[in-house]
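These notes are about the structure you will find just below.
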Amino acid sequence: MSGSGFGERFRVTTFGESHGPGLGCIVEGCPPGLVISEEDIQQDVERRRTGKSRHTSQRREPDQVRILSGVFEGATTGTPIGLLVENQDQKPRDYRNIADRFRPGHADYSYLQKYGRRDYRGGGRSSARETVMRVAAAAIARKYLRQETGLEVRGYLAQLGEIPLGFECWEAVEENPFFCADSTRVPELEDYMQRLRKSGDSVGARINVVASGMPTGLGEPVFDRLDADVAKAMMSINAVKGVEVGDGFASVVQKGTQHRDEMTPEGFLSNHAGGVLGGISTGQDLRVSIALKPTSSIRLPGRSIDLEGKPVDVVTTGRHDPCVGLRAVPIAEAMVLLVLMDHYLRQRAQNADSERPGPLVPGQAGE
Amino acid sequence: MSGSGFGERFRVTTFGESHGPGLGCIVEGCPPGLVISEEDIQQDVERRRTGKSRHTSQRREPDQVRILSGVFEGATTGTPIGLLVENQDQKPRDYRNIADRFRPGHADYSYLQKYGRRDYRGGGRSSARETVMRVAAAAIARKYLRQETGLEVRGYLAQLGEIPLGFECWEAVEENPFFCADSTRVPELEDYMQRLRKSGDSVGARINVVASGMPTGLGEPVFDRLDADVAKAMMSINAVKGVEVGDGFASVVQKGTQHRDEMTPEGFLSNHAGGVLGGISTGQDLRVSIALKPTSSIRLPGRSIDLEGKPVDVVTTGRHDPCVGLRAVPIAEAMVLLVLMDHYLRQRAQNADSERPGPLVPGQAGE
Amino acid sequence: MSGSGFGERFRVTTFGESHGPGLGCIVEGCPPGLVISEEDIQQDVERRRTGKSRHTSQRREPDQVRILSGVFEGATTGTPIGLLVENQDQKPRDYRNIADRFRPGHADYSYLQKYGRRDYRGGGRSSARETVMRVAAAAIARKYLRQETGLEVRGYLAQLGEIPLGFECWEAVEENPFFCADSTRVPELEDYMQRLRKSGDSVGARINVVASGMPTGLGEPVFDRLDADVAKAMMSINAVKGVEVGDGFASVVQKGTQHRDEMTPEGFLSNHAGGVLGGISTGQDLRVSIALKPTSSIRLPGRSIDLEGKPVDVVTTGRHDPCVGLRAVPIAEAMVLLVLMDHYLRQRAQNADSERPGPLVPGQAGE
Amino acid sequence: MSGSGFGERFRVTTFGESHGPGLGCIVEGCPPGLVISEEDIQQDVERRRTGKSRHTSQRREPDQVRILSGVFEGATTGTPIGLLVENQDQKPRDYRNIADRFRPGHADYSYLQKYGRRDYRGGGRSSARETVMRVAAAAIARKYLRQETGLEVRGYLAQLGEIPLGFECWEAVEENPFFCADSTRVPELEDYMQRLRKSGDSVGARINVVASGMPTGLGEPVFDRLDADVAKAMMSINAVKGVEVGDGFASVVQKGTQHRDEMTPEGFLSNHAGGVLGGISTGQDLRVSIALKPTSSIRLPGRSIDLEGKPVDVVTTGRHDPCVGLRAVPIAEAMVLLVLMDHYLRQRAQNADSERPGPLVPGQAGE
């Protein structure tokens, strides 16, 4: 394989560049009989679309998803689902000025080192635009898992730069362009982003994702652990620099008596583990947190070199997000969904008929 | 695949339980002609062995590695390398008392949920003992990469519980049982561990790993990024709860002007990215940091339930590490080595003949 | 994975149904820098197109291939290549009469057993139309291998029903609609096919494929042998029921002294092995032969059952090939190309730097 | 992956050389709860063991299989099963005389071309001795499939050189060293083999394998078809040069009216397809036939070259089978079992919950 596919039993393979003709993917392994339409997929794709608020990139892409195969008479057939989004608002000429130089913090230099050539139009394959297909494919997983198991995967903005943001309720998340779970903080964020945009700089963010209604037994020892696959999935998102499961780095200073989640017949008493023990789901909420770096595409000049190794200044024009974290919630949810869908089918392959006890505890400590 | 293999072109598949007959692995994809002996492998395996200091588990395992195939007349043949370590110091009866109950914070409950049965002898497959084979296999990668590219992968203890530990020099790391890179701090650590052991409790740790002499161009867009595969590799180690590449979670509060690593003809001016841009190596040092939770195997009683869902108290006897982080440095190095070896061979498959420019900058900002 | 992808390092994943919106594929692993255009691909696709002679299906599909990604400024970038052909001449209503019954010899019954539902429009995913993407993807491999190694993969019709057909020259193959390598036999074949078409029946065929200019060392012990992967590739083509490498079934009656290919400093004295020993290429011509069954889509009525298990007669209308073997030559070549490309890149990954001797004999016995 | 593993959900990875310390494998994906012992496995391994009759190699290997992991308290745990056979009767010095030259028809030349070096001791990795692990792993699949589905996989010798051999009954197969399904022919075979052995030459063979009690719906469109995976599995066996499913090459001269298997409410009226339509099992018997070439290890001298390309004569000493076909029946059965087990689990992953109709016809035409 060459890196553009994810998953074993529910496998998504993507193609496409930021300013090429379009983006697409093939979804393999979706069980037959799932009722699915382009509208179902479009709904999730809309959540990550650019140009919806002034705080994100102003590129106007309708991101209209076409289903090209694998669905017949309204339901999946079990054969591969081909999805396609044609690009509409490409502006490759915005990038001609960086064709001969490397933007600091971008993949320009590393791609050239790898391939000996690069598609400089908006980062080509390294653009965050590629993630539209992750979200589209995950919409299928979301619908399937919700119907089969009641599983819900939801994320929210947990920190914007130096501003930590608490969790109030899931409803709030969909009501503001920041995916903030506390409506009272929205004006503060509006203000912060406006100042940031004016400054020409960008900033990092932290996002939390929670999967509730988790089946038990997902994940495989010893390498393909549920948390290991989540870590890979998350780190494969552009700009992500850190991943935590459960208490994450806070565990470093904890004692064993404090961290271990005790159990009673009424359920777990805490969820420091984040829903995974030994790489396998316990039925508690899966809790994941990620760090996103500040966008490197900023209009403040930076030092760099050109193709001949000579010093140059680079100013990034084009349309960019001053905080990629703001649009990353749907993408982070998508990656968790892809991992869970894959492991759900893997678990079914191997252990469908084992005499498993079923959850021994009624609920979970949750968030 | 079923989760016990790692890597595509350099693939390690492991088997074995903590208190079963032994542990083994098959290493596929090692190029032919590498001079390698059991001693070469043993050397790395020794570094993670238990029973060497009073601060780690007192289980006495010689961990003698046998090469069963793939090496002929002192060098690899290109065919699979079979490795075997037979267990010597099993004490399965230590675990009979937990056969009917779940140790809090262990994989007991999740394994039962997955498989409907579990090998309760020391955690069976979920034991950290399994990692001996990761270290053995990675010893082969270490020798190969060192010879071919000059690459070095080294780790150290960066924090023990609440005690942060700086980096002084690599030599110090090998001179104390804590893998501490600052010899002056060793008495403090001795003292801390002694008190911890007496208390019966355990504590978390942070470990840093640095790969220097990195080839450029390793990693694949968009899912099999170098950092994504590192994240998976790290999170697949027992007790790891968080992974950072470069500045990691510190990136959340950074500005773009601060985070982006500017370049000059003399090299990168910083290394906030940790050696990876767009998932592909830049030639700078790869910098990775992980959080390890406190061991759940402690002798202080914890609440749990038994196989019938009834409340019980659990006390973990047996021989355990009060801080798994102390022995995790060789394991963390091993996982980084496995990722780098795999991507080195993958890069060679695809891009061997591309007219790649070679590094355009002389050095790197490094650590 | 779910069955719609082929190859490890050069991986082709396809989607699409016979009478759906279109067919597409993603080609991963093509090295960067290959000059390739839609015309290059179209040329190979034309060779398998329907509606070009009266001896094949009359469905008129332009089969116009679009490159959607992975090619920039005329050359491959190393990232995935997305290819798309939109269907133009669908006639799904031709198939409404078989929606409730199983055509004998078709995949109707087995698909329903597998998925619980099926796309009955022309066989949906089981249609030979799916192979257009194999040919398109293989055109990229053909161009790459030809440039890098001088490798040529060519096939011809070796038997039509009871008529065996000898090999005269490769030029002849492209000059008649039968891919017959002996021009003098063409009138006989025209006549035979005309009578067959009138009879309403169909017939089987045998095709031979030869790869000349073979690199040595392709193939992996012990499962992913070159011949094993060729066998899978060939048997994955619709209607193929048998595969031979080298002397194939004729080997059963041979003696060891007769079969073994002796060597002299001037080269191999024969090629009974077909260019593969121990699953690895010797540099001799790779010789493969396949058997194709007679098409099951014939207008002579056959006994079958309907969805309720009741007896029915089935008459296949629609547009079909009376001998699928006639159009299978480009498809068989394509599959050999995909295998060779994949193993060429795999060999390069592992053994790029081994001190290999290079071929020790100047030529080969060849065809 | 590097070629030594087979299967996706039931994956067997093997290691070991003919005259090295031993042979082993890791079996991943076996569902938990299967009662299995070393004796269960030994029973199948015995069937392929050498030295049992004077018609096969006289190498005396006990082939004692040890289970090193994955089985606890008599049943599988769901984690990887490690199997090991230590070699006992190695005679590496038998091969010193061929260390500097290539045996005609062996993998000596191709391995050297691939790797730049080779283990010349009895062919090293290319030896048929490697297949002991295939049989051991398949014994687990056999027991599982028999219990779960009633599936039986059985093979017999269908032709020895020019002597075709009919099928009388399965009981006969186990009662003679030829795996001949017709006891009345045994004296003729004894006689033939005696003359062959005296002549110093070897001969080819044909083997038929039949899987009865087949589940429907196994196999995946479009590449991982059941028959395609069977073809690969079979061609991966040493000495196999051809594979047929159903009528195989006989299909070439058949008409569509003759080949297509008609259906009635009482079942299929014939089984020309061999139990597979569109790559997916129909529930009819899976019928497979393979051609094995004559052994190349014969004591009659053959022309070859040495490592410097100079002409030499090669005489193969050591202990060899004059007809490898005689011991290939258990190996061929093993490979079919591995394919069926893998596809059984794959089918379960994807389609466990689809509303599948269940077989619509009561029986099958069968053999």
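Side notes on the structure shown:
The letters A, B, C and D name the chains in turn, as written, and every chain counts its residues from 1.
Throughout what follows, a contact is a pair of C-beta atoms (placed from the backbone, for glycine too) under 8 Å apart; a residue touches a chain by one contact, two chains touch by 3 or more.
Nothing here was measured: the structure is a model prediction, and the numbers come from that model.
Under the touch definition stated at the top, chain A and chain D share these contacting partners: B, C.
Looking at which of B-D and B-C shares more C-beta pairs in contact, the answer is the pair B-D. A straight line joining the Cα centres of chain B and chain D is 39 Å long. Separating the CA-averaged centres of chain A and chain B is a span of 26 Å. Between the CA-based centres of chain B and chain C the separation comes to 45 Å, rounded to the whole angstrom. Under the contact definition stated at the top, the residues of chain A that touch 2 or more other chains are 1-5, 8-9, 14, 29, 32-33, 78-79, 114-117, 125, 221, 346, 350-351, 354-355. Those residues of chain D whose C-beta lies close enough to touch chain C in the complex are 1-6, 8, 14, 102, 104-117, 123, 125-126, 130, 159, 161-162, 201-206, 216-225, 227-236, 238, 241-265, 269, 272-274, 276-283, 291-298, 300, 302-305, 307, 309-311, 346-347, 350-351, 354-357, 359-361. By the touch rule above, chain C contacts chain A in their complex via residues 1-5, 8-9, 11, 13-17, 20-24, 26, 28-29, 32-33, 66-70, 72, 75, 77-82, 84, 114-119, 121, 124-125. In the complex of the two chains, the chain C residues touching chain B come out as 8-9, 29, 31-33, 78-79, 148, 221, 345-346, 348-355.
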